[in-house]
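Chain naming follows the written order as A, B, C and D, and within any one chain the residues start at number 1.
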């Protein structure tokens, strides 16, 4: 089993430090994929995003998703950091880092982790824009997760 | 056409700075994928990798690959940095950064860029290990590139 | 048993959590949803569309048929929108 | 016309680059490879397996049938192994 690091935190993350933590001092990693999800202003009116989460379950569920990724691909490291609280457009939301000998495994595992974070990790987004509304789950995310079955 | 940054250099790159250059100050990027290719010691005997390149054509060919990616996916930024010279296991070789509104485009474009960097960018690796030998092109890389046709 | 609520389920019920003693007839997640709706208009509002409600038992996603026996904490929330 | 060589093509020919004047019969990339092999044992060694040789004309990958007319710089090298 590769080293797995999972953190759910209010503060921003340091992408460089997280990539280094996966790959530094190793000679067997040939590929690192770092995915950053960023708060995006879709309609030009988003002031802030409020991210609610289920403490305890969020970490546990991300851990289960990471374990599944580790079973499916020959990974040498997995890191997931997910933020909660109030975010503004341009702020980082989530970071996934995967390290492997080969790029295919690193790419696929990072895509897998993101697809399941979207559909299974207990986080909920509330948009503060022209009005205040809970973001609805997207069918496109369910279909993205389906492709790994 | 999104901003495209291409550099071929001897020195290491700063992943954080390259990601920031793609995403900082924007409100329309929801996903950034950063792929790092690292010098890997496959058989436990690699002392160094010597990376030769074709100056001028390397930048031009990477530029053509980036243009193709920009035509295929709705990207807001593409950065490719490829190193040359002498590298030791653990050293960074190549960085690809893609930014988009959505993660699918960022993931696919980064995979596409790496597949074609492998098969079309004029770089050649020479291994210094138990013996000194030119790395042979891999059929698996040709097949990876084929999937985008 | 402790019940915890998130997002608009929390807002509609008006509670972040509560302790409940289940009637003996409530054995599964499905039974719980049916029973909760009888507890007042705020529950009826929050749970009006049962297909939009996700449930976790002790931090693990649970199906509608999952038994509640032994559960310490049951969470109700809408489909997730993280990532 | 300038010829440039890379990796083991460069090592086997023993030159990084050279200027050549092509005979009039050499019109395409394929013609060039055939002609170069007649220039000495080092060329014969480097180009023994023509299918292992890639060619670029003025920094653009070229097919075997590509014409050489107007070319300033033609590069010969093995299949690429960057990335």
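Criterion: contacts are C-beta pairs under 8 Å (C-beta built on N, C-alpha and C of every residue); 3 or more make two chains touch, one makes a residue touch a chain.
Small disclaimer: the values here were computed from a predicted structure and weren't measured.
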item	value
Joint neighbours of subunit C and subunit A, given as chain labels	none
Subunit B-subunit D separation of Cα centroids, rounded to whole Å	26
Between subunit D and subunit A, distance of the C-alpha-averaged centres to the nearest whole Å	48
Separation of subunit A from subunit B, taking each centre as the mean of its C-alpha atoms, in whole Å	22
For subunit C, residues that touch 2 or more chains besides their own	none
Residues of subunit A whose C-beta touches two or more other chains	37, 114
Pairs of chains in contact (touch as defined earlier), listed by label	A-B, A-C, B-D
Residue numbers on subunit B that touch subunit D, as the complex places them	37, 51-54, 56-57, 60-61, 82, 93-94, 114, 117-126, 134-138, 141
Residues of subunit C that touch subunit A when the two form their complex	4, 6-8, 56, 59-61, 75, 77-83
Contacting residues of subunit A [partner subunit B, same complex]	14-16, 19, 23-42, 46, 89-90, 101, 103-104, 106-107, 110-111, 114, 144
